[in-house]
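First chain A sits with chain B, and in the next complex the same chain sits with chain C.
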Partner chain A sequence: MNDIGQVLVLGLVSGGIYGLFALGIVLVYRGTGALNFAQGEIGTFGLYAAWYVDTRLGLPWIAGAVAAIGVAILLGLAFEAAIVRSMVEASRVTVAVATVGLLLFLLAVETRYFGGASPRPIEHPIKASGVELFGIVVSPTQILALVLAAAVGVGFTVLLRRTDFGLGVLAAAQDPVAVRLVGVRLRRVSAFVWGAGAAVSALGALFIAPTVGFVTPGYATVLFLSGLAAAVVGGLNSLPGAFAGGIVIGLVEATTGRVFVDSSLPDVRFLAVFLVILAVLLLRPQGLLRAIGTGAGAKA
Partner chain B sequence: MRTRRSSVLVVVAAAACLLLAACTGASRPQDVDVAAGNTDGTALDTPTDVATGDVPVHEAGPATPAAGSTGGKARTKAGTGAGGTGGTAAGAGTGTGANTGTPVPPDSGPVPARTALFNADEDRVGISGDKIVLCAHAALTYGAAFNTGVDDLKVYFDAINAEQGGIHGRKVEITYENDNYQPDTAVQAANTCKARNPFVLLGGIGFDQIPAVRNWAETNRMLYLHHTATVNGSEGKQFSFSALPSTERMGEVFGELAAARFKGKKLGIIKRDSPNWDPGVVAFKRIAAAHGIDIVAERAVAASKGNYLEDILEMKNKGAEVVWGWENALAATEIVKQAKAQQYNPTWLLFPFNLTSQTLGDDALNPKLVGVAMFTAYSNGDYSGSFAPYAEDIREFERQYAKYRPSADLKGLGGDLLFLNWTAMKALHLQLLECGPDCTRNRFIDVMKGYNKRPMPAACQIDFTRGNGHLGGWAVNVMETYRAPDGRVNWRNTDSCVEHLL
Partner chain C sequence: MRRVPLPLLLAPLAFLPALLSRAGLFGDDVWFNAGLAVCYAAAGLSLNMLMGYAGQISLGQFTLLGVGAFMSGWLTGADRLALPFMAAVPAAAAAGAAVALVIGVPALRLRGLYLAVVTIAFTYAAQLSVFKIDAISRGSAGVELPRPQIDDFIMTRNADYLVVLLLLLAMLWLFDRAVTGSKIGRAFQAVRADEAVAASFGVDVGRYKLLAFVLSGAFAGVAGAMYGHLIQFANSESFPFDRSLLLVVIVVIGGLGSRVGVLISAAFYALWPVYIVKAFGDGFRGTDLIVGAALLMFTVARHPGGLAEAWGEGAERRRARHVEVEDANGEGDTEPPMPKLPELPRPSGLPERPAATSGDWVLRATGVSVSFGGLQALRDASIEVRANRIVGLIGPNGAGKTTLFNAVSGLLRPDSGRVELLGEDITALPAHARARKGLGRTFQLIGLARDLSVTENLLLAQHVVAGYSVGSALTRVGSANSVERELRSRAAEAIAALGFEQYAHAPVKRLSHGQQRIVELGCALVTAPEVVLLDEPSAGMSPGAAENLAVRLRDIRDELRRTVLLIEHNIPLVLDVCDELYVLAGGELLARGEPLEVVRRPEVIEAYLGRGLEHEAATA
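Up next is the complex of A and B:
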């Protein structure tokens, strides 16, 4: 019973973070049709900004968090303006490749200017002791991350489904030319999507980092992979699916880690996650919570 | 008749003289040989050996070899290599005989080296009339984590160059290449070093990097002096040497520590998932099995894993009261930190770095962390207690840094790292002095292979005469955390230069 309880707790805690990253991935995908492979590293870059503000400037955590989110948004907007905007007619695969370039650029900058691979400490936003569930102490930060992931998912879902702007975002991914013809300002939509996606990534990185305790180059890109898995499992067209997918991936990882605790197979958890992705793609490629339709009226 | 008798007497007298000369000699060959570094048992007649004042090993060494050890359980007082830095140069760890830094030039020509590993063209690479070139591969990429940079590592030889004119009139030029804590990039770093034509390549900390570079050194005929590594794969390697205990040895002593102090307690292991780290675990388990230690949990973790929650839970769920963290300082710090967040407080057995103790602060005292190291403890400004036997070395270290690198953070996270690098450099200096003015690579190997002494108070006995002549480190230091006079939590020796704890 304790094992099951611990698996549930572990799954939910990590699932919440994966859900946040998945939300960002799905948001960008829904808005542009492209996968952003730099999604995680944008979060890492934001974390370095937070570390700098907290540690070097001695400011409180909240100032670092604002800096992290602000830097991430600026990065997203800059990438959109400089690269994505000029690729409006290009294929989505081309845009995805460009995001790989952004990922490599960010890794290089972090390594060069933030002390190489040396870990930089990250503090908890809430320093109170946590709640013990089935022998696991769940920190307030982790609980907040789970709540935040759900809130962000709901918020974006409402935005995209209930507002004209949101519908314009959804439509832009389907047919950017047609969207412009009906008066939707494509640049504004594109900037929103990339900026919001970056902000969500920074949020995810901010709330997982204290659990690990430090940030290093490439730190959140590893989490991005789990987030991508969550997005695929939940459905790349579904924001609620992204959150649900995060929980599923979190539970799969936790269960595998517990069941195969004595396994000599390296990283058996990742193997399990990839098997889940494979199964979903083969059996239900639209994801567990598929979007209804694929036109402009598709639910987020 | 009278002439024949005289002739017989002369012959008998001559025979008697010859017999007497053969029996007495100048000294016992093996004493002088051992002290001066010869291994083939031949009597020495080199002015260098005599001039450096080498004496039999039991009289050699710095002022307080015995005082350096505090444990009553040590079988020997042998020494570790003075080398082995946290991220920099290797355990060069040797030194001259009784003196710790005052060479006496030879007064006759050089003696041919007994070692013939390097040919004539190779023998003098990296050493000229006015310069010795050294190059090291080290995990510079983690320097920032220890608040240290490359220039912080060069202070010892900066001081020697400035104050003593170098070694036998040769200025020491040392450079560092980043091995990124990875085997492949370590080999790249070694190649970069090779292009500088160094006299010797130094290998910094890295259980995974060193075996790779050791193989490279063999192929590239590079004299390689490295930090602790597994002996697996070292068989037959001619070009590599280490004055520090092997990975296996470290695991063995950790096992003895567990048996000596924590017998009857449930023990868990969080270990690095690497074939180069595993030999330490094998050695640990052998000792554990022999002494009835109950290992209740064991988890292998990837390098830089980051999130150790599941591993910690495994230890906690299985009730491990003592956990051996067979990982590097950065990972160990995170493991303990994350365990504290889970309100799990076993006794931790770790590699003892001030990075860990200072980062954890009071958490490193409740309970105290316990460690085993191939280097000695350092706590800035503390010359008392277990630091007293090598306070002289500490003061010299601090004096040099105050003069040549005042910005170095000796009080902080990397102070002990800089000290162990400094002791390594000093030991290497002493060894190069012993090599003499006509030092070559072959002669340097001669010095190493016959080396059996304690180079300085901050180092332990180094004995290359045991084993195959390529491994000189056998003793370690056992440490615990404590609150230093300046309020920081650092490490201090509890047992110095011990080979066994049981």
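Up next is the complex of A and C:
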């Protein structure tokens, strides 16, 4: 019983983070029809900014958080302005290839300038002691992360479904040329989508980093990958699905971690995530959870 | 095309390094770097097969190299099976292909970026989990991959091993050439250009995407064996994620689909890190990735096809200038008469079809309903087309005409209804299978692979009769060569009949709209389909050209003895050529009958012009 409880707790806690990444992925997907493969790494980059502000400049955690999110948003906006904007007519595949370039760029810059092998330490935002559940200590940071993920999910959903701006975002994914003719400010919509996706990644990375304790190049892309799996599980065009998918992936990872803890198969959770993606695509590509709204989902 | 392929011609040069090295030229480390460049070139070719030809993305290509390397290590290791290197290479290829098959099946049935998603998950699973399994890699201790050995002679000299590498690269190059010169390469390029057009030409899009990935996996497996035995070692860290990303950079910058571009780009990216650091010191370590990634982003933004495409476009623009000049003279009312459409005999590769006697229906759609979300595009639409007739389908915009075509040709699955062709129920058949059954079709927005030449499009259009296997295409053993010759002669015949010899190798996108329409019609007819669906063939044509089109349409019915179903907005054309007319409005069948009679019906006029104008229109 204790075991199951522990798995549940671990799964929920990490699931919140994965849900956050998944929300960013689905937002970009619904807003552009493409996937931003650099989205995770933008979060890592933001983390390095947070480290710099916290550790080198000695400022409080919140300053680091602002720096992280700010740098991430700037990166997202810069990429949108410099690259995406000149690719209005390009296919999703081409846009995705451009994001692959950004991913490699960030990884290479981080490795070169922040030293590959020496991880930078990250602190906890809330120094209070945590709650103990089933023998696991859940820190206030982790609880906050879960709450934040839910809040972001609700926020995005409300934005896309109930505001005119959100409608413009969805429409722009279908036909970027046509929306301009009906008065949607494509630039604003596009900037929002790429900036918000980046911000959400930085947020996710910020809240899991203290648990891990340090940041290295490629750090958040691993989280992004679980977020990607979560988005696939939930159906790439569903925001609530993304959040729920995050929990599912969190539970899957926690379960495999517990079941295979003694085996000779290292880090099974990555294998599990991969197999989950394969299974979902094979058996139920529209996602395990009902897709709400159509968005750009019909043709991935 | 050369009689002797270039790689075969250059193959003897592969032995040069061994000789030069023994002559004392260059140090062993220089030969090592050359070997590295060759391995990267092989890896680049593998990704080019997938990205350049078929237009899909893999973010795990270097991991597939790892699969090949570990397989090879397992077979050749001194403390394992200790098999010779040349036995390991095919096994590595098979391993790469098998893994690609497993990963590809779930992802490639779906459109879009799913393969990228699956391959990135695969890379992490392999790098962080599977490659760390003791049995495979011995963790960081790694496995040893010995150099090839002939009796007592071990190729410890890098220059000697380089000979093997060059020969293997030449072999991969030959296979690549075999692919591009066959129906497989054409199908890949069609899939990349436009999946719907590819399907209308009979290409099973899902199957070919998977084939592209499997072939690229096989190539990657070989490249992995090449690489692994070069460094003579492979452990869990040997195949990092950023190398897969670098391969994407190499292929895109080198030029998607250009073998030579990829080879040059790969060599550059293999050698630059080494020599830049040598020349400018350690401070430049890692800059190759930074610059490469930045270049990738900017190249993709400007030239999605990579630098080779940009180069090719420039060259083409110069070459094609004379073609455009011809067009300028040919436009307007002095449009030359549309050439006679080629009468080509039924190709031998097609299955037997029941003969259609005049008067029988050849195509029938019954009760077809299609809705998109909340919009009912078609409600219970039924159409019956009899043999040897030209049947017109008209109606105001948004009536559902193209939707009906899409349902009939298989691009769309209707919510309900039945489609039958030549007595056979084809409702469940996918688009490419219907093409095989004798259904041809053109598109509103010109259904051709625009980057391919006129000849290549005509070859692509014969995909359904290219009756040779993948194995035959790769090895050129069996029927591939003779069938290709047949396809090419039919294409040449068609081009001659159309009078398009000078445009034979021009990319279709360089032709004028009217010329593209002609090529498209030629493609629709080249495999002698029984029924042809033409979607607004006169769109964009001047009245004179439309009259010529009418003559040709009658030829299709009377001389080629086919059946035509036509969507049109050009009412005079419709009245001129059609034997029967259907009118669609608001998703429903409004009228059916003899053309002159149908167009005078008040409800038809009302559908087009609105209420109140029936009298004026009826007396017009």
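The definition used in the following text is that the second predicted complex is superposed on the first by the 290 of 300 C-alpha atoms of A that agree within 3 Å, B and C clash if a C-alpha of one lies under 4 Å from a C-alpha of the other, contacts with A are read in each partner's own complex, and residues count from 1 in each chain.
Convention: a residue touches a chain if its C-beta (ideal position, glycine included) is under 8 Å from a C-beta of that chain, and two chains touch if they have at least 3 such contacts.
Predicted model only: the values in this text are computed from it and were never measured.
Colleague: Applying the touch criterion given at the start, work out whether A:Phe45 contacts chain B, chain C, both or neither, answering first, second, both or neither.
Modeller: Touch partners of A:Phe45: none, neither chain B nor chain C.
Colleague: Identify the partner contact of A:Phe243: answer first if only chain B is touched, second if only chain C is, both if each is, neither if none is.
Modeller: Neither chain B nor chain C is touched by A:Phe243.
Colleague: Going by the contact rule set out at the top, does A:Asp267 touch chain B (first), chain C (second), both, or neither?
Modeller: Both partners, chain B and chain C.
Colleague: Once the shared chain is lined up, is A:Gln6 touching chain B (first), chain C (second), both, or neither of them?
Modeller: first
Colleague: Just to be sure I read the superposition right, which of the two partners does A:Pro285 touch: chain B = first, chain C = second, or both, or neither?
Modeller: A:Pro285: touches chain C, not chain B.
Colleague: Just to be sure I read the superposition right, which of the two partners does A:Phe207 touch: chain B = first, chain C = second, or both, or neither?
Modeller: After superposing on A, A:Phe207 lies clear of both chain B and chain C.
Colleague: Considering only the touch criterion stated at the top, classify A:Trp194 as touching first (chain B), second (chain C), both, or neither.
Modeller: Once the two structures are laid over each other on A, A:Trp194 reaches no partner at all.
Colleague: In the three-chain superposition, say which chain, chain B or chain C, touches more residues of chain A.
Modeller: Partner touching more chain A residues in the overlay: C.
Colleague: Report for A:Trp61: first if it touches chain B alone, second if chain C alone, otherwise both or neither.
Modeller: neither
Colleague: Where on chain A do the contacts from chain B and from chain C line up?
Modeller: Shared contact residues on chain A (touching chain B in one complex, chain C in the other): 222, 266-267.
Colleague: What part of chain B is in contact with chain A in the complex they form?
Modeller: Touch residues, chain B against chain A: 140-146, 180-181, 273, 299, 302, 304, 306-307, 309-310, 313-314, 316-317, 330, 334, 337-338, 341-343, 359.
Colleague: Touching residues of chain C toward chain A in the complex: what are they?
Modeller: Within the complex, chain C touches chain A at residues 55-57, 59, 103, 105-107, 109-114, 116-118, 120-122, 124-125, 128-130, 132-134, 241-242, 245-246, 248-249, 252, 285-287, 289-290, 292-294, 296-298, 300-302, 304, 373.
Colleague: Quick one: which bits of chain A touch chain C in the complex? Just the residue numbers, please.
Modeller: Going through chain A, the ones touching chain C are 34-35, 37, 79, 82-84, 86-87, 90-94, 96-98, 100-105, 107-109, 111-112, 218, 222, 225, 228-229, 232, 264-271, 273-275, 277-279, 281-282, 285, 294, 299-300.
Colleague: Any idea which chain A residues touch chain B in the complex?
Modeller: Against chain B, the touching part of chain A is residues 2, 6, 10, 115-119, 121, 129-130, 132, 135-137, 139, 211-214, 216, 219, 222, 254, 257-258, 261, 266-267.
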